[in-house]
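Quick one: this structure, given as structure tokens, is what I'll be asking you about.
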Amino acid sequence: MLGQKRIRDHGLKIGVMETGPRNSITDIEGVAVGHCTILSDHVRTGVTAVIPHEGNLFREKLPASSHVINGFGKSTGLLQIEELGTIETPILLTNTFGVGSCINGLIRYMLEDNPDIGISTGTVNPVVLECNDGYLNDIRGMHVRQEHVMEALSNARRDFLEGSVGGGTGMSCYQLKGGIGTSSRVLHFAGHDCRYSLGVLVQSNFGKIGDFVCKGKKFTDYVPGFSTNGNDAKVQGSIIVVIGTDLPLNGRQLKRVCKRASVGINRTGSFIENGSGEIAIAFSTAQRIPHYPGILSLPFSVLSEDLIDNVFRAVAEAVEEAILNSMICADPMYGRAGNYRASLQNWIERLV
Amino acid sequence: MLGQKRIRDHGLKIGVMETGPRNSITDIEGVAVGHCTILSDHVRTGVTAVIPHEGNLFREKLPASSHVINGFGKSTGLLQIEELGTIETPILLTNTFGVGSCINGLIRYMLEDNPDIGISTGTVNPVVLECNDGYLNDIRGMHVRQEHVMEALSNARRDFLEGSVGGGTGMSCYQLKGGIGTSSRVLHFAGHDCRYSLGVLVQSNFGKIGDFVCKGKKFTDYVPGFSTNGNDAKVQGSIIVVIGTDLPLNGRQLKRVCKRASVGINRTGSFIENGSGEIAIAFSTAQRIPHYPGILSLPFSVLSEDLIDNVFRAVAEAVEEAILNSMICADPMYGRAGNYRASLQNWIERLV
Amino acid sequence: MLGQKRIRDHGLKIGVMETGPRNSITDIEGVAVGHCTILSDHVRTGVTAVIPHEGNLFREKLPASSHVINGFGKSTGLLQIEELGTIETPILLTNTFGVGSCINGLIRYMLEDNPDIGISTGTVNPVVLECNDGYLNDIRGMHVRQEHVMEALSNARRDFLEGSVGGGTGMSCYQLKGGIGTSSRVLHFAGHDCRYSLGVLVQSNFGKIGDFVCKGKKFTDYVPGFSTNGNDAKVQGSIIVVIGTDLPLNGRQLKRVCKRASVGINRTGSFIENGSGEIAIAFSTAQRIPHYPGILSLPFSVLSEDLIDNVFRAVAEAVEEAILNSMICADPMYGRAGNYRASLQNWIERLV
Amino acid sequence: MLGQKRIRDHGLKIGVMETGPRNSITDIEGVAVGHCTILSDHVRTGVTAVIPHEGNLFREKLPASSHVINGFGKSTGLLQIEELGTIETPILLTNTFGVGSCINGLIRYMLEDNPDIGISTGTVNPVVLECNDGYLNDIRGMHVRQEHVMEALSNARRDFLEGSVGGGTGMSCYQLKGGIGTSSRVLHFAGHDCRYSLGVLVQSNFGKIGDFVCKGKKFTDYVPGFSTNGNDAKVQGSIIVVIGTDLPLNGRQLKRVCKRASVGINRTGSFIENGSGEIAIAFSTAQRIPHYPGILSLPFSVLSEDLIDNVFRAVAEAVEEAILNSMICADPMYGRAGNYRASLQNWIERLV
């Protein structure tokens, strides 16, 4: 976004469904995304914040769920989402060793607006997801600090950059430059006069170049001599997928939606490598769950299950496109120890 | 029930909550229970059917969930409940080798009322749960047949026998006679003018006598010389717990409720043995989910999570009492190969 | 096999790894496959048996695991595999309403060789997996009987037919004819002088034609006017994936392998539809676990986790190829109510 | 320990099995426990470290597993344990808002000894478990810092204090003072000449006084007028259970062992409340899994499953005793806002 040339701008249309006006997770009313990018010397990292709604998330939680495609990862906050089916903080994306500081920053952010936490009510469940950017970034330096969290959160808006920004700054995807990408789909249901949206944001950091498929075409068939010239065969990847929608879905349905994230990932060629921590998390903005309900039971609206294939298809398409956006929006980058990632930008013309 | 002397009639009051009028899972409006008992020579087995509501369950499903406490078991139908959060058939309890015939019988029962199944709509998910009654029953003889399923289903009503009946016929519990037991609790919520019920039905077939605790008292402390005189040390047990409620709970909440079944089981002394298949399944009758919804989304009512402890306490109490009812209502029994199970009836006076 | 023209014989090479000599799950030493096909009037169904080793499986169990990709299904036997990490019977594939009879047949088959079951030891855990063949088959007629199980088991050998045979007889895949398919891969590990095999067998019954992708090519791009001319838009599918290997993998690793089955499925175009019960089950023949161990602990060999990507890649490739084999080996078929499935054979030349 | 009067010293013998020499998790050879207690003004918190073996845990991992009894909690590190079945860092226990700092401290601790992490190999998975000590502690102050982690780790040894120390400093249990407790059991197997140990350490912070049962006796029956005089009815609890053993168990078996932790918890009266985050984590020291295996497959020894009941019983007993030790070793404490917790010490004589 914000003037970046995205995968569709190169003529590659992913899937058959209509995209939202921004083709972004922020097409969901109320969702905002902010970055804090940390760049210096051998530091290539940062924090990306996805804010599910503009209100007080602790007081007005959203239905949520997650799915661990491959658990070689250190993300945090998923236990409680699984148990209670709700999310009560923004979602942060960062590097593997930034999780601790992001937890601390996110707790402080929540404490500010909620003087009851830890006094007259319980605690709060920070959600922080991560990938290992150690190939380009000095991850051992643990450069993410609490103030970076605050900056990412305060930067949140509907229009935001993709590629090497925020948590995506130092990420690699298929041994090319990866990072943050987004995409969305509009959902119509035959016979029902309504219009819903589903959006996806990824932090991409997985895969080997030999497996990369761009819209059905194998990259190495078009770029035969490609070499990373790096000692990165053993580098462990990951991908985080954040899914937002204004459809009335409950926790169980959101988990089913999360499980279809792998379809979109697989369409780019990967086979879920051993070292790739692959996690999807989803929330619905259609209804809010009060922290202090004060009533016996809450009215809730739940999408008819026989209409859910439409949602599954949207996720698969949007995840594939978000990954490609994360790559095409990322410029080439040198990082730690002279390590280098080329950009998909260099070869995209051969693939279209 | 039906004139049987239950654990409360012996002066043992379990827990602190009020029971329903029948102290039975059939205190939930619409729930009915039926048995078919198969007794001959060395045959001691049968089928028990729990019917969650009196309508067409396939067309009007109920929210449901299950939890596997220990998966050394062969129950069937739980996969789809986990995925879709609904139940669409009665629940059958039988012996381990009766599952196949119960599936067949239950499918035929469902086909009768639903000519669309397998033609213009999908199939149906039969739910059959089991324990191994091989100590008293000739389980290798595979004596459960489809007509026994029909009989159990047609016998279903609100008042039913406990102990050695239906699926509980040949079951053992703590090396005494076990079988079918039930109990219920009434739920009030402070500040809310309402009254809900939760009922439990168990098929008990687990534990060793040395572990048996009856309301805080260890059985072998009161009956020191007890011996089963049998070679049953290696016999594998199991317990099935069926939970029904008219509270508005969704699938996720019903799973949480299922997980508290283990609290009630543990209160009778067991420690979840390796060979004990322990499974809980729960449904809510508060709302029905149509097979053909015809609308985009269904309105649903969901209990405020901060009120759920009341439900958890009810489950723990009702499960403990249902197990004791299954034992105290069962007469002593001789079975296959001269194997014998004494009844808790013989010693209950020492324990009260 | 057995003279059938498979997908490779049409010039479509799937993936980059070497196949085994039969390109079949029976490339794993000791594995055998047998069918019983039931054809008459409007009956198009059957049973396929996968026998993991030629010995007494109850006495010498194999490490096993399963993974439910989408749980809209009625398969049975997975609970105990999850708990104990072992398989102790052959694996049967059949139609959704054949599960009961397959359970009964499989139990009887196991009882024959094991007089201790149900007498001096516990019971046995039959594993039966299913798809809904109701589009072509009179599934309501419940035509699978116990003798069909015995026939499938007694027919088991290393060479067997693919396509519309056994459990695959009435199956549909991408609205074309589906059924049984198999494929295998040979595994080499750099720096280790050894050779292992992994084989896959599928019962394919999922997907819509508009999604079908054959080796990166969208079917409807090559066959634009294709129509099933049937009222099958609402038909629910499924796919069962059976994975065997002689690699020393434990239950946890086998579960990870099962999870990669979805990669191969997705490569054929599907997005895991709501109504598609997708289940993978895997076993390793490298080591046997005695029912009566008699020793304190069992020696076990476990593949180094950092070598497992090779296995994941093999599964993805073999599943994709097995699905295509299941389709290309199936002749066109008329079934119940005049319903018809064309064969991939008709258009394969346009796709190669 | 260290001169503290434990529950057994009061004449309360829990269970029937023999305890280890220290009756502690440190009866497992190589296991060490260290505390850092943070006390000042309204601060009542800290960190407890359990070190599973004295070597380089990253290079020589241990088989491990965990089980979430109730997921109302913010513990971290469990995803990867579930996927890979190994633990590669010490285990830290702290307060809910100390998790971030503990992650940071633990990463730094691991980086010190492992210069390859983040450079030539992947990252490391810190394991930090938590309870909410907000009733006595100024949890909003976020007083746990990285140096506290270092102190706890450097204090680790075989003899250590129980009660209000380390992570247990500000914890409450059954509205009395809770904290850190430990216990162990010796395992003999009939017919096998060997001796194994299983030890448990808990951070107890759960339950309401009305539910508390001490060795079968209800506390409020013996102390009828007890009142906490505090507004703590809504306070959320939790319990963390760490289990160590020198038995040769694999990840799947360790998960089964973890599941029996709830039996011991339940024996003290609780019914797994909604707000109680209850998590068990277990490791085996019998075998180490090298980070750089260098060989194709690792030899492994796995306990015969039919002997595992002995282990389950040991866990249930040791968890119950560890909880009681955590309470009896804790002195009464005043904390934040004048909140107060009495000690079980005051009434223990009425209960014995």
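What to note about this one:
Going by the order they are written in, the chains are A, B, C and D; count residues from 1 in each one.
Just so it is clear, contacts are C-beta pairs under 8 Å (C-beta built on N, C-alpha and C of every residue); 3 or more make two chains touch, one makes a residue touch a chain.
Given the structure is predicted, the values throughout are model-derived calculations rather than measurements.
Ranked by separation of Cα centres from chain D, the top chain is C.
Of the two chain pairs examined here, B-D and A-D, it is A-D that is joined by more C-beta pairs in contact.
Here the spacing of chain C and chain D, counted between their Cα centres, is 43 Å. Inter-chain centre distance (chain A to chain D, centres taken as mean C-alpha positions): 34 Å. Look at where the CA atoms of chain B average out and do the same for chain D: the two points lie 34 Å apart.
The multi-chain contact residues of chain A, meaning those touching 2 or more other chains, are 70, 83-84, 256, 275, 305-306.
Considering their complex, residues 68, 70-80, 82-84, 96-97, 99-104, 107-108, 111, 117-123, 125-126, 132, 134, 139-140, 142, 231, 234-236, 275, 277, 279 of chain A touch chain D. Within the complex formed with chain B, the chain A residues making contact are 83-85, 189, 192, 194, 248, 250-252, 256, 293, 295-307.
Per the touch definition, chain D reaches chain B in the complex via residues 69-70, 213, 216-218, 256, 259-260, 262-263, 266-267, 270-275, 305-306, 308-309, 312-313, 316.
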